[in-house]
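Paired with chain B in one complex and with chain C in the other, chain A is shared by the two complexes that follow.
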Partner chain A sequence: MLDVKNLMIFYENALAVNNLNLDVKKGEIVGVFGSNSAGKTTLMNTVAGLTLHMKFREHRKGGQRITIVGQQNFEGEDISNRSPNDRVKKGIVLCRERHPVFRDLSVEENLQLGGFLIKEQVKVQESIDLVYNIFPPLTKLKSRRAGLCSGGEQEMIAIGMALVARPKLLLLDEPLLGLSPVMQAIVVQALKDIRSLEVTVLLTEQYARPIMPHIDRGFIIENGTLIMSGTKEELMDNPEVMSAYFGM
Partner chain B sequence: MIESMLVFGLVNSAVLMLLALGFSLTFGLSGVANFSHGGIYLFAGYLAYFLLKMGLPYFIAVVLTIFITALLGAAIYKLIVIRVRGIVLNEVIATFAIGICMLEFFRWLGFVTYEYSLPYIARGRFTIFETTLDYQRSLIIVVALLLAVFLWFFTHRTKTGLALLGMAQDEYTALAVGIDSDWAATYSFAIGGAFAAIAAVMILPLGIININIGYEVLLIALAVTVLGGLESTKGLILACIILGYAQVITSTFFAPHWKEAVYLAAILIVLAVKPSGLLGKFKELEERV
Partner chain C sequence: MKAGYRKERIDRGIKARADDIFAISSYREILYLTGPRILAVLALLIYPLLTDVTGAYWQTVAFIACIIALLTLSWNFLFSVGLVSLGQAYFFGVGAYFTGFFDRTIGLPPLYSIPLATVAGAILCTIIIYPVLRLRGIYFALITFALPLFLMRIIEATGYLGGTEGISGLQRLPGITFSLYVTVVIVLAVTFIFLRLFDTDYGLVLRAIHDNDMSVLAGGLNVQLYKAQAVFIAAMPATFAGALMTLHYRIVGMPAFAVEYSILPLTAAVVGGTGTFAGGVLGAFILVPFSELLRAFGTLRIVMYGIMLLFFVVGLPEGIYRFAQRKYFQFERIVPLEEKADEK
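Let's turn to the complex of A and B:
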């Protein structure tokens, strides 16, 4: 479904992603693990087209020089030069890290905006009801301003927003970052629900343990370079991986 | 005297609100302070004048004016501002230069004589609270209220309005759900232009069309936006009421020419005491969370 080939990204002369090859097949949940500054967020932003947008923006104002080399294919089509909203139309939707929401809009309005590109209002409403099913705590917060919700609630809103956009490939950037164990459990549970919707998921995380049982395959990157990849079992059997990313 | 001060204070507030709404809206939604607002305002005035002179019926001329001025707003973003987007100083210089170019171009064309004026929508007057008020001024109050209601409805009940608000609050998240940032900015410039045109058609009939009005409009828009706080419609209304009544009070008790000083004093005081404005809610919310 998604096929990233020889991806290299430079910010000025600093290498953020180094010759990365990564693929996601339809129906899978794939995890990308790595420490801070490993290039996870850059990878996600690039697949969603945000890095490209930033590149144009910086170029326009003569700021930082961003270079993107390599191929990004989605469903057999090269999307390397597609704009972010083109990619959303194709079905790639990113839920960014640190649960970003539209803080002055209500929870319901936030979810509505997720369906911005969907023409039929009925479909949007269906998806919103589905999000309330996946995240029951949101039902009580419908008219609360999103900026006043807790971090966990904002994460639910952010994932919900991405789901309302009806993704084929959902990108989750560090969905568990900064959440309490209870909230983490809710998000991990939601991951199972998302799989049953036949949505393919590519997610990143620093600390792999809570999410590991639910993924099919994983990639481990360090300083922008892929150091290991394999199925869940292969990764769990590797003692180095266990100590570095699972704290065991 | 109190009655007439109350009534004319309200008229004044409504005038300020019409003048500032377009500027404040563009600023709130796209983050670009469109300093060509005064130029756009006068452009709309002259456009309406010439359309009416061509013999078009009043209603059609007004609708055309609003539409064309909206296109002008969009064009200013698409052709010029887009190249400097993100560098605040350059945005200010670019839009300010466009505004001055437009105003001085009109002066060069010689649009300065007494024949340049727009017709009243309705002639006549009535008496309220022992004050005589003409229909045009009372219509200004009605239109200002209608625009405020429309604005609230547009930003909270329509998909496009919500998307523009979303883009103003968190650009990258908005991009991630498929909202295009240049589309949003173009849209907000167009709405700003349309609002300037509505203001021009309503307010310019009160006097003759004068190039200097363009500079004054910019000052008013800036004062109201600074006083009211960004991206807050309630703040905008409150600021208009404060400034509107402050003007009436100063011109009644001091002298009419002190009216202009009110804007400058308001900008200075607000920047010194509460830089986010009376109801600037962005910073406030950030502090609370």
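Let's turn to the complex of A and C:
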């Protein structure tokens, strides 16, 4: 479904992603693991088209030069030069890290905004109900201002917004960042439900342990370079991976 | 570009070397570092002597440019502390009226009335603005925009300080060359002092307030106090500009609070590059002569002016100064992709 080949990204002269090959098949949940500065967020932003947008913006204001080289294919089509809004229409939806929500809007309005591109109101309402099913705690918060919600609730809203947009490929950038173990469990549980919706998921995380049981395949990157990839079992059999990303 | 290659932007060799102690080992490198500065300073110092060549008109234009440059320096200082001001006319007008007041009622000679008005004006400005320092962003900007209009109407309504007539017939200054020299020296001095100030620990705190005032607050520093000090420091070039302009034209009136003195510095800062002191001065020296040249277009002047602004905001948001600085210190070249990858 998503096929990234020989992706290289430079911020000015710093190499953020180095010759990365990565593929995601339909219906899979794929995890990308790595420490800070590994290039996870850059990878996600690039697939969502945000890096491309940033490149133009930086170029215009004379800021840092961003170089993107390599192929990005989505459903057999080259999307390297597509704008972020084009990619959303194609079905690639990114949920950015640190749970960005519209702070002054209510939870319900936030979710409705996620479905702005979808013409039929019925479908949007269906999706919103679905989100409430996946994240039951949100049901009580419908009319609360999103800015007043806790970090965990905001993460649910952010993922919910992405889901309402009816993605084919959902990109989750560090969905567990800064969440308590209880909240983490709810989000991880939601992954199962998302899989049953036939949504393909590509997610990143620093600490693999809570996520590991739910993914099909994993990629481990360090300093922008892919150092290992494999199925869940292959990764879990590797002692180095276990100690670095599982704390075992 | 060929496949497998990318464009790279790196510092020139001479810049990398001149950053180091080796700069003192060669005239070429000393010149590279100091050349642009010396050129600018020399140009500013020699220009007032060229009255015969340029004519009195262009000398006056340079004088106005210096006045606007002082206001721009003041604006940039406030901006660097996170206070976006829309009312440089407020500082300008207060300085102007203080001079008029000292001159008329006490009869102080210019040598004393200008410095006294500069400091007294800055103190008054700080006191008036102190209660609203907690405001941020657009709210602070709105207040500073309203303040000069507010003071203007008070003077109009009460008739105090000459009312609508203003105070005229003030003491005489020696002439345009003298005024121009004084402003040029002050512009250079203020630029130098501001640049230095922002390199000290004190300046570090001010820059931190611009960046994240909550963190500074959490660091145990009184942000309000620092901001008040910043307003005082930033007010002084502007009140000085007002004071000198008043004595140069020997009249002070309500136009001292004109919107022009708020908008021109702001525009100059945008053209030069917001947050750069030298850039602001450069912007003023481009903008003021340019707007004089446009007088030939009559009322279309404003249109041309607007188009130029549009060009700078959209096309060159970093400002002329930063753009020139980058071109001067860095160059671009094409390098293969893989080489970098091997180094890793």
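We take it that the second predicted complex is superposed on the first by the 248 of 248 C-alpha atoms of A that agree within 3 Å, B and C clash if a C-alpha of one lies under 4 Å from a C-alpha of the other, contacts with A are read in each partner's own complex, and residues count from 1 in each chain.
In the analysis below, contacts are C-beta pairs under 8 Å (C-beta built on N, C-alpha and C of every residue); 3 or more make two chains touch, one makes a residue touch a chain.
What you see is a predicted model, and the numbers here were worked out from it, not measured in a lab.
With the two structures overlaid on chain A, would chain B and chain C clash, or do they fit side by side?
clash
Mind working out whether A:M8 is in touch with chain B, chain C, both or neither, as first, second, both or neither?
The answer is second: A:M8 touches chain C but not chain B.
Which holds for A:G114: it touches chain B only (first), chain C only (second), both, or neither?
First partner only, chain B.
Tell me the contact category for A:V131 with respect to chain B and chain C: first, second, both or neither.
A:V131: touches no partner chain.
Is A:V93 contacted by the first partner chain B, the second partner chain C, both or neither?
Touch status of A:V93: first partner only.
Looking at chain A, which partner touches more of its residues: chain C or chain B?
Touching more residues of chain A than the other partner does is B.
Applying the document's definition of touch, where does A:V69 land relative to chain B and chain C: first, second, both, or neither?
second
Quick one: is A:A165 in contact with chain B, with chain C, with both, or with neither? Answer first, second, both or neither.
first
Output check: A:N19 vs chain B and chain C. Expected answer is one of first, second, both, neither. What do you get?
Only chain C is touched by A:N19; chain B is not.
Give one of first, second, both or neither to describe whether A:R60 is in contact with chain B, with chain C, with both, or with none.
Both: A:R60 reaches chain B and chain C.
Just name the clashing stretch of chain C against chain B, choosing from 93-101, 111-119, 183-191 or 309-317.
309-317
Let me check the overlay on chain A: which residues of chain A are in contact with chain B and also with chain C?
The answer is residues 60-61, 63 of chain A.
Considering the complex alone, what residue numbers of chain B touch chain A?
Checking each residue of chain B against chain A gives 82-87, 90, 156, 159, 162-163, 165-166, 169-170, 172-181, 231, 281-282, 285, 288-289.
Taking the touch rule as given, give the residues of chain A at its contact with chain B in the complex, in rising order.
48-50, 53, 57, 60-61, 63, 83-85, 88-89, 93-96, 100-105, 109, 112-114, 116-117, 145, 147-148, 158, 161-162, 165
Show which residues of chain C lie in contact with chain A when the two form their complex.
Counting only chain C, the residues touching chain A are 6-10, 315-318, 322-323, 326, 337, 340-341, 344.
List the residues on chain A that touch chain C in their complex, please.
On the chain A side, the touching residues are 8, 10, 12-13, 15, 18-19, 60-63, 65, 67, 69, 223-225.
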